[in-house]
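Several structures are given next for inspection.
Across the two complexes that follow, subunit A remains constant while its partner is subunit B and subsequently subunit C.
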Partner chain A sequence: MAATFFGEVVRAPCRAGTEDEEEEEEEGKRETAEDREVRRQLARKREVRLFRRQTKTSLEVSLLEKYPCSKFIIAIGNNAVAFLSSFVMNSGVWEEVGCANLWNEWCRTTDTTHLSPAEAFCVFYHLKSSPSVVLCQCSCYVAEDQQYQWLEKVFGSCARKNMQVTILTCRHVTDYKTSESTSSLHSPFLKALKTQNFKEPPCCSLLEQPNIVHDLPAAVLSYCQVWRIPAVLYLCYTDVMKLDLITVEAFKPILSSRSLKGLVKNIPQSTEILKKLMTTNEIQSNIYT
Partner chain B sequence: MFVPCGESVPDLAGYTFLMPAVSVGNVGQLAMDLIISTLNMCKIGYFYTDCLVPMVGNNPYATAEENSTELSINAEIYALPSKKLVALQLRSIFIKYKSKPFCEKLLSWVKSSNCAKVIVLSSSHSYHRNDLQLRSTPFRYLLTPYVQKSIQTKITSLNWEEMEKSPCIPEINDSEFCIRIPGGGITKTLYDEGHWIANSTQLWSLREDNCSKEIAMVILLKFVSEGDNIPDALGLVEYLNEWLQILKPCCDDPTASALRWKMPSSWRLLFGSGLPPALF
Partner chain C sequence: MASRYDRAITVFSPDGHLFQVEYAQEAVKKGSTAVGIRGTDIVVLGVEKKSVAKLQDERTVRKICALDDHVCMAFAGLTADARVVINRARVECQSHKLTVEDPVTVEYITRFIATLKQKYTQSNGRRPFGISALIVGFDDDGIPRLYQTDPSGTYHAWKANAIGRSAKTVREFLEKNYTEDAIANDNEAIKLAIRALLEVVQSGGKNIELAVIRRNQPLKMFSAKEIELQVTEIEKEKEEAEKKKSKKAT
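And then the complex of A and B:
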């Protein structure tokens, strides 16, 4: 509880998240059969499903069981997705091997057969000339109750040790804790986190304590750490969360990493593709059209 | 599930299992940080679960450049074989509806590991105290019936206050009395998991598997308010130390007691980044 300036006592949110626990317990005791049915239906609606858009069939096994790979590159968020689209996917032929269909408060994509570029999506590709390279473009938000399911549907229950995972994502610079003021930081800048089994030197400095990472990037990295898969997360701290040229270009140091080196062919062309992507997006984000 | 760091599963038979509840002020978790950091406990594995919000970061107990790059996740297990202590640290909150399944899975694992006892460090909202509680020590304990007689005797000799029962429905005079731990997160669930079998009115709903949940559990908690809860965490570890004697007892001076506990490097910037100079 907290007292306001006007002398009223209000319920302050508890940072340990315990208020919900007690309500949950009470709810559990009062739940009727209808409540349970509603909860079950909501859980079913929030299930993560992986399927092939071409054949409109679900994947019976996990994605990496069906398409084993030695390199798995995941872009989470629109800037990371734009980076991979422009710098990696512009060379070679990438075939779509799967698409995740998920629904939550932030991502309401129900029809994944006709996605427009502006819609949030989660699509998996492999390189036709070298199918052991699998790429994931994830611009939709995967909620905390869906992250574990996403991992199961993609990685499966058997840990794959003969692969290396690279994750790219962005966070707002105000999330970065430092003894200086965040207003004095020169963003965007890159930081890395790696699992114990990742032996290569990362392309930028490591994320210092007490900084932490949440959401899907954290879920993937946790999985890799626990199951001893070499993995690295490249985190771009930026002050522009929407699609931004400078933020996307901040990922460029990663192009020299072992995972991406062989995949990147024509950087000037990639920059052109990126500029076109920015222009397309700007037109679409005009609220007057 | 428990996933060991090394190739083999460590033998935890007879160990004391220390764990926090994610509770008001995060006091239990802060206390666990102090214990793990001070005793320099070694990470032996992960409790990989879909019940907690995922998070990762570099080694929160780093003391030098060399050990600062080890990745940590949301639920990790540390051990100190010389004192037969095993500690679970939780670093994020529970996903909705997953706190009870977590308690069940965790206690099953603890039971199957043959740990001697479980100690839960927790906290409760200080504004929920009644008049008597306001006038007494802010520390409380709770025991499940399976706690060994020797521990019960020791705790009695320390003159500790047992957590009082309060009306199940506040404001209603003829309401039944029960243990309530507002702001305690999973504390009550853990207590119930280890305790309910002793309540004869619930025997009719016995499930076969629950017969094995005879867990010797001691809960230590402090009444706190949210804010800078470092002093509360220090208080709670000193309270635990009165009984377990993890660190040698020292003089009554609270400042000296506080200095014995090593704050981890991850406690930097607890209240955010530096301030912009332009503010002044």
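And then the complex of A and C:
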């Protein structure tokens, strides 16, 4: 125990072990049936479910087994989702092939029948004219314990051949570690991280050490690395985490990449659609002026 | 490291940072852009207007506020903190006038605001004000002034400056374009402010608010029409400049 300057008593961690250790172990063993039931219910609640909204039936196999593809583009986070919505999804007819339903402390997508664009969701589409292109718009947070399930339900447990994965996501610039002065950083800026099998040159510089990727993008990239799937992650470091025009436009260099080239047709129209998306989704907050 | 030295404002980190002050500067970047220009006979404040909700009374969403008849300020950052600082500054302006029978100088009121902000970086249990301010006005000697304060309590005089989101972009634009010609007359100074804002404002002239103070005249807020006129003029000039460029190229 130690007293701080302000008089509060703080329990200092002790590596030698405490007398309480034995008692705690015994308590842990005394798990009741009620505890187990609670744990089971929690696990059921946190299950990731993939289903088709139109038929309300769940998918029996993994999504990519049912809809094999050569290009899989995943947008994680609202800025990445807005980028794909305005630049890619308006340049063709996309059909919804599945929707992920999950619950955690930050995201409750249980009611997926009446989703407004501002709510968090995870939907999968494929291009009607070329069904080998699959897109995932994921604006909900997938918790650590749910990421593996998500990967299983989407990718399945066998290797996918002849597929290339592109992931787009954002991170706050304060997470970016660099030896340069942070005042010289021009955010938003793009960084890339790729798997060993991805041979193309990325559209921006690679993410330097000691920076790391977190959450679902990291889980997908790790999965691709293990299963030797060529994959690239484009990470946009921005100082505005809510939906922001400048952040979304920072993804533009990716439009010249091989995976997106054939999918984007009308860029000026896309910019208009993006502006419209911004105004409709603007959350009125009076905290900052 | 940061997490152990950023809880209490009064704590320096081992490498000399006051993290709460630096975090307050991040809060400033969340506010929309404000630009201030000091001309020869005019001072201009331009701000990016935040879009107002349908049912909200527009009058109550103001980024440019008068502190006295001859001084006004624009802020970027936490709205509530700005309200508190502005109220204290206004009271000080009147108190000064009643005590010494002279209106405040721009430098005096800036120093007052900066001192107030600094106090909150050194008090136990308080957090710094999350606003930066651009304070403009004319002193009795007729010289135009522009000052900028930040959450740490520092203040400096500027010829032109910007605060808030995208302030860096606007400042770079001003460094390139603030010339003696650009502020030769009042209209040119106003145009420079608008051009600087158009670099970063998302929907053009509709989202710009402008205020000017001319020597021996009170604060004047521009109407939306007047701003539209200026924006159309600027766009015309841009087109003409581009035509000239393409002629020269051929």
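Just so we're on the same page, the second predicted complex is superposed on the first by the 255 of 289 C-alpha atoms of A that agree within 3 Å, B and C clash if a C-alpha of one lies under 4 Å from a C-alpha of the other, contacts with A are read in each partner's own complex, and residues count from 1 in each chain.
Rule of thumb we're sticking to: a contact is a pair of C-beta atoms (placed from the backbone, for glycine too) under 8 Å apart; a residue touches a chain by one contact, two chains touch by 3 or more.
In this text the structure is predicted, and so the values were computed from the model without any measurement.
*Asks:* Could you say whether A:207 touches subunit B, subunit C, both of them, or neither, answering first, second, both or neither?
*Replies:* first
*Asks:* Does subunit B (first) or subunit C (second) touch A:181, or do both, or does neither?
*Replies:* A:181: touches subunit B, not subunit C.
*Asks:* In the superposed arrangement, does A:239 touch subunit B (first), subunit C (second), both or neither?
*Replies:* The answer is second: A:239 touches subunit C but not subunit B.
*Asks:* Let me test your reading of the model: by the given contact rule, A:144 touches which partner, first (subunit B), second (subunit C), both or neither?
*Replies:* Touch status of A:144: first partner only.
*Asks:* State whether subunit B or subunit C is in contact with more residues of subunit A in the superposed arrangement.
*Replies:* B
*Asks:* Between subunit B (first) and subunit C (second), which does A:58 come into contact with in this model arrangement: first, second, both, or neither?
*Replies:* Touch status of A:58: no partner.
*Asks:* Between subunit B (first) and subunit C (second), which does A:162 come into contact with in this model arrangement: first, second, both, or neither?
*Replies:* Neither partner.
*Asks:* Per the contact definition, I'd like the list of subunit C residues that touch subunit A in the complex.
*Replies:* Result: residues 8, 26-27, 29-32, 50-51, 53, 56, 61, 63, 75-80, 82, 165-166, 168, 202-203 of subunit C touch subunit A.
*Asks:* Can you list the subunit A residues touching subunit C in their complex?
*Replies:* Contact set of subunit A toward subunit C: 6, 174, 186, 239-240, 245-246, 275, 278-279, 282, 284, 286-289.
*Asks:* Spell out the part of subunit B that touches subunit A in their complex, as residue ranges.
*Replies:* Going through subunit B, the ones touching subunit A are 3, 22-26, 46, 48, 50, 53-60, 62, 68-71, 73-74, 91-100, 125, 127, 182-186, 188-189, 226, 265-270, 272-278.
*Asks:* Please output the residues of subunit A touching subunit B within their complex, sorted ascending.
*Replies:* 1, 12, 14-18, 20-22, 24-25, 28, 39, 144-145, 147-149, 176-184, 193-196, 206-216, 218-219, 221-222, 225-227, 233
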